[in-house]
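Read through the structures below before going on.
Each of the two complexes below includes chain A, the first together with chain B, the second together with chain C.
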Partner chain A sequence: MQGIETIIVQLLVSVFSPEQINAFLGDPRTVAVIVGSMVAASGALLGTFLLLRRMSLTTDAISHTILLGIVASFLFMVFVLGVEPDLSSPLLVIGAALAGVATVLLTEAIQRSGLVKADAALGLAFPLLFSIGVLLIARFTSNIHLDADSVMVGEIGLAWTNANSYCLERCDPVVITPDDPRAETSRICTNCERDAISPRSSQAVFETACANCGTYSAAEAWRLRLIPEAPVLVYFPRAIGVMSVITLINLLFVGLFYKELKLSTFDQGLARSLGFRPGWLHYGLMILVSIAAVGAFDAVGSILVVAFFVIPAAAAYLLTDRLAPMLALAILIGVVGAYSGYDLARGTLFGIIQISDVLVLLDRVIGLGGQTTWDSSISASMVLTTFMLFVLAWVFSPRYGLIANFARRRWQRQEFAHQVLLAHLYNHGDQPEERAEASLHEHFRWSRERMRWVLSGVRAQQWVAVEGGLVTLTERGAHEVLDFRKTNLQVQ
Partner chain B sequence: MAVHIASDALSISAPTTRLNTGKSSFEVEDLTVAYNSRPALWDVDLRVPEGVLMAIVGPNGAGKSTLIKAALGLIPRAAGEARFFGKSYEQARQLVGYVPQRGSVDWDFPTTVLDVVMMGRYGRLGWLRRPTKRDRDAALAALEQVGLSAFAKRQISQLSGGQQQRTFLARALVQEAQLYFMDEPFAAVDAVTERAIVTLLQTLRANNKTVIVVHHDLQTVPEYFDWVTLLNVEIIATGPVSETFTDENLHRTYGGRVGALTAAPEAAGA
Partner chain C sequence: MGAHRFSDEITTSLQRVAFEKSVSWVVAGAILLIVAVPLFSIEWTHTLRTVVLGGAVLGVVCGALGSFAVLRQQSLLGDALAHTALPGIAIAFLVSGRSLPALLLGAGVAGWIGVLLIRALTTTTRLKQDSAMAIVLSSFFALGLALLAYIQGRGDASQAGLKSFIFGQAAAIVERDVVVLALVGGAVLLVMIAFWKEFKLITFDPEFAHTVVLRARAIDLVLSLLIVIAIVLGLQLAGVVLMVGMLIAPAVAARQFTSRMEPMVLLAAALGGLAGGGGAFVSGLDAGLPTGPLIVVAAVSLAFVALAVAPGRGVIWTWLAERRDRRNFAAQNVLSDLYRHCLSHDDPMQITDESMLVNLRGDAARIALRQLQREGLVHGDGRLWRLTNAGVDAARRLEM
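And now, the complex of A and B:
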């Protein structure tokens, strides 16, 4: 992970000045948007396949059970390796990946027993693993920083503060020895207390102690003002480094195994009979979901991360009927959602509506006690804006949206009513009493308005002619009846 | 067990009828599959010569689909083995094409008809390699063969049931296999599709391919197939349609339930 981060920093340094980089990556908004976008992109990539495999809710389970993985690797570090637990250790990622796979294995095992349905099996497996995680935290680790806030919503707004520094110039480490002028030395009497004598006594023995001797990196030396001139430092937020690696892994996985993932998602049986290993891809996917969830945990919390897996994929599903565009759209929706989510948290919705204006209005109408400022959770706002994008797709999607669906159904109903009328006229062509315009509606038990509407529709198509109060099928109309019969009422 | 012996006798007589090779394309030995404690297939022995069109018929729950799936390793076997041209399935994978029941996949999946057909080429490509123009051309040719050229770019949810079935057939065709397994391809399809499948079966046989079809319509067995296996958990009989598809065997397969159905095949077979 460090390696990738170093490469990114080197690339940045080769193009921009350190001041530019620090101004850019020292901006809370920029960092939150970058981290949020990468969480969203990873979620969208994996979430698309999970959605198509009807496994969306597995992310919910995994994002919880990785807690057990994290705690277990903590304990492993302390009790087995005997080292200080470190929140950025790769062991944490391995632990989380194992916990994710364990969740899926346990769920499948419960389900395979045939005694519990799939959704309940998931609901049995993950609270078990999660509660073991909570128990271990409570019993062994009283000092892990894991409060309710960070689990629920994360700290994406503070991501910029947790940064690694990279030194570019004047980077020599500073060594302070006791005879250095910068050394803070003091003479300490070593036997005064023991022998109960005054430091002024001639028997007193002195020793020189140095309070700040040691080796300092350039950054530390500058912070303690041990050197007169600041080294040139570039600060790189850790969350960006972590999420870059995770996003890259996901892109590689989906890019390399696109064909295999598509096949095994669409038709697992064929994938197996062609000699692929759908099982491997399945667990590979689960491992990546776990890793993405660990990375996103810090940024957006374990509950909201689910939204990044599910919402962009669900929106993209409504907008296209090809897999590759679906992946691209899901990423786009996730990134736009993350971007506008930060602004929403700071009070602007999609750059159009100022939340404070709305609050002022509401304050005037219902009275909010003068509470008209808005500054809210960034990650929750990101989820909200992404959801709004989903609603847009859901309502307005040209082919699968609510409006398109409604229009299509209405059109089909009208079409069908036309055919009913035509068929009636066809069957009763020789019975004038069945074709009287005034009483036609009674045969179908339709209202007069509906009858008028249907009749005007078929007349517009020149399928019928109305003469002397009688409705008669035209030649065109008779053709239409036969066509409809041929395609829809085919008797084999 | 008496049934078992009868089926052996028939398969021994097989080479004397139409086929002179005597080589078997598909062979099952002592295959037993159990769902929990209930046997779905019981000690099945089967030998299918090369180049036949064979129907597997039997009542619901007779294990017709199970036989195919267990042979291809898609479901676990309690006992027994299946061999393809004398090889295990892992060795003979390239020689075997499989057309599952069309209800086995989600037709709302975001992909095109052409793309689904191309999936049949993935086995030849193996891991990581991408389909090339040659694979695309093969897929287009297969779509032509099943009469779906005009639908290549359609999203698969826009297909009718029969068109879905033909898409699956095209997908199996591009595998360029020697032996095809088809699970109920004739189930609930329109007349156009039924004719398309029959033509396709004839073409495959003309090219000396072996096709094994799970079939539910007894009436059409003598017309569409030259070989038949009657299955009801155990093999009741297997062999050329003219010798095997008899009133007596059908009664033993279906019990008393076959009634009126037996009259037609007998008339057609005679």
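And now, the complex of A and C:
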């Protein structure tokens, strides 16, 4: 993880000046958007396959239960290894991956017993594991940085504060020895406490001690003003490093196993008979979901994670029928959602609507207690904007959208009515009483309005002519009827 | 003769049903007594009594209605519903402050909107039920969290109780709340009893219900509404995140012990009361522990115990039965092996070497011989065996 970070930093340094980098990566908004985008991108990559495999709710369950894995690794670090716990430790990732796989195995075991239906099996497994996680947090981690709030929404807004520093110039570590002019020495009585005598007493023995001797990194030395000139430092937020690694792993997985994933997703039986191992891919996918969820945990909490997996993929699913474009669209939607989500949390929706204006209005109508500033959870807002993008796709998708569906259905109804009318006129060409304009609607049990609408449609096509209260098929209309029969009814 | 036996069978099966019903009443009553008796012990503080009573009432309602959710395979819809209730709670708080009926109403309306949205997504797009639920659940929950963050920004003191809806906090239940919960919960149970026959029909055979009942759609709606109300009531205790465990675990546990509707609902209600009261009790003693997870751990553990030990269908029972069958089968095989050996020598008292049987049937033959010896069908010293007279008869019957 450190290695990847160093590579990124060196790349950045070779292009930009340290001041530019620090200004860029020291901005809460930039860091939050970058981290959010990477969470959304890795979520979208895996989520596409999960959606197609109908495992959306398994993702939900895993994103809950990784909490248990995280807490267990936390406690393991504190009580067994006795080290300072750290949210970016690889142990955490291992714990979470184990918890994720344990959820899937537990659910499958309950299901295999045949005593419980699939939905109830999931509904038993993940609440249990999640509950144990929450209880462990409540009981053991009061002094550790891990609380119910960060479980729910994460701390993406503070991601920029938790950074590793990289030194570029004047980086030599500073060593302070007792004879260094910067050393702060003092005389300490070595036997005063033991023998309970006053330091003024003649028996007191003194020793010279150095209060600040030791080795300091350049950054520490500058902070303590031990060196006159500031070293050139670059700060790199840890969350970006962690999420880059996770995104990279996911990209590699999907890139390397694209063919296998595609085949096993759409035709598991064929995949198995061709000698692939769908089971391995299944658990590999579950492990990656757990890892992505644990990376995202720090940023967006454990309950909202599922949104980053499912919603972009679902929106893309409504827009395309092909796998590769679906992956690309899902990533794009996720990233745009993360980008506009930060602004929504700070009070602007898609750069158009100011939330505070809406709040002023609402305050006047229902009374909100006069609070008209909107400063909300960033991760929740990212989910909301992504959901709005999904709704846009739902309404406007050219092929599967609500509007397209409505228009298609209306067109089909109209088309059907036209053909019914034409067929009627064709069959009753020699019976004028069947073709009287005034009573024509009765033959179809249509309302007069509908009759008028249909008639105006077919007249516009010049399929019929109305003369003296009689509706007559034109030559063009007769041709159309025969044409329709030939293509649709297979009448010779 | 045949007709006679058939009517006998009906009588015994009716007797068994009646027996199962009365047993379930007794068991449910006993479980609820376990919860109720400590309520009247003197050492308990007033607060603790209130909290445990609230927990038990909610547990009973959720357990009873949860049975229908489980049987209709709508367990996860319950999960989605609980999550979608959160923004409703927040909006109700913004509009009317912290009054329990308003919050419950808000939760119910939001949950209902969530269900309609899930239905709209599955009917108008090609998304499947699970994706639709995940989408609606997570975005409604996000809206709820965003609104909660906004409410927190107002910094007024009364919002303190709102966060307890996420993981549940029994300590937030006060006496007046218990009255409201008991009244609404009682009404829900009464409606359930009134429509008992219809609910049963629509749960087990919806198609048939739609053909014979005039207003099947309305009854379906009423049942869904009752489940929504049960979930909304339970939110205070179990929290939106874990509500699904509270709803279905007692029902899953009860289902393992009986295959009939009435005993199942009774038992689920009692187990729900036990888990609810117990969880509330522990969290009432120690405010640092959120109630929801405690209740869910209790309820799901009950369910797992039931899955393991339930007579007739539990995992352990099935395993034992399979082992018994396997051994009986092996014993029969060994018995007929011995018999054939006798036939081939034309001597019913022919002695057979154990190693020969082990070669033929594997190590299972040793266990089978010991079993046959216990049943008095073979006689031997652990190395050489022969059939007893009873053994010859039994083997002859087998070979027929």
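The definition used in the following text is that the second predicted complex is superposed on the first by the 396 of 492 C-alpha atoms of A that agree within 3 Å, B and C clash if a C-alpha of one lies under 4 Å from a C-alpha of the other, contacts with A are read in each partner's own complex, and residues count from 1 in each chain.
The rule is simple: contacts are C-beta pairs under 8 Å (C-beta built on N, C-alpha and C of every residue); 3 or more make two chains touch, one makes a residue touch a chain.
Here the structure is a predicted model, which means the values were calculated and not measured.
By the touch criterion defined above, A:259 lies against chain B but remains apart from chain C after alignment on the C-alpha atoms of chain A. Put chain B and chain C next to each other and count what each touches on chain A; the higher total goes to C.
Once the two complexes are laid over each other on the shared chain, residue contacts for A:387 go to chain C alone; chain B is not touched. By the touch criterion defined above, A:317 reaches both chain B and chain C.
By the touch criterion defined above, A:196 lies against neither chain B nor chain C after alignment on the C-alpha atoms of chain A. In the overlay built on the shared chain, the residue A:270 is in contact with chain B alone; chain C does not reach it.
Looking at the shared chain after the overlay, A:15 reaches neither chain B nor chain C. Applying the stated contact rule after C-alpha superposition, one finds that A:124 touches chain C and leaves chain B untouched. Once the two complexes are overlaid on the shared chain, A:460 sits clear of chain B and of chain C alike. Applying the stated touch rule to the two superposed structures, the overlap between the chain B and chain C interfaces on chain A comprises residues 317. Contact residues of chain C toward chain A in the complex are 70, 73-76, 78-79, 94-95, 121, 124-128, 130-131, 133-135, 137-139, 141-143, 145-150, 153-154, 156, 166-167, 241-242, 244-245, 247-249, 252, 255-256, 288-290, 292-294, 296-297, 300-301, 303-304, 307, 310, 313-315.
Put simply, chain A touches chain C in their complex at residues 51, 54-57, 59-60, 64, 110, 113, 115-117, 119-120, 122-124, 127-128, 130-132, 134-135, 138-139, 142, 148, 152-153, 303-304, 306-307, 309-311, 314, 317-318, 345, 366, 368-369, 371, 373-377, 379-381, 383-384, 386-387, 390, 394, 400, 402, 405.
Interface of chain A with chain B (complex): residues 52, 114, 256-257, 259-260, 262-263, 265-267, 269-276, 317, 320-323, 326, 490, 492. On chain B, the positions that touch chain A within their shared complex are 36, 69, 72-74, 90, 93, 96, 98, 100, 104-106, 109-112, 115-116, 119-120, 122-123, 125-128, 130-131, 155, 157, 171, 190-191.
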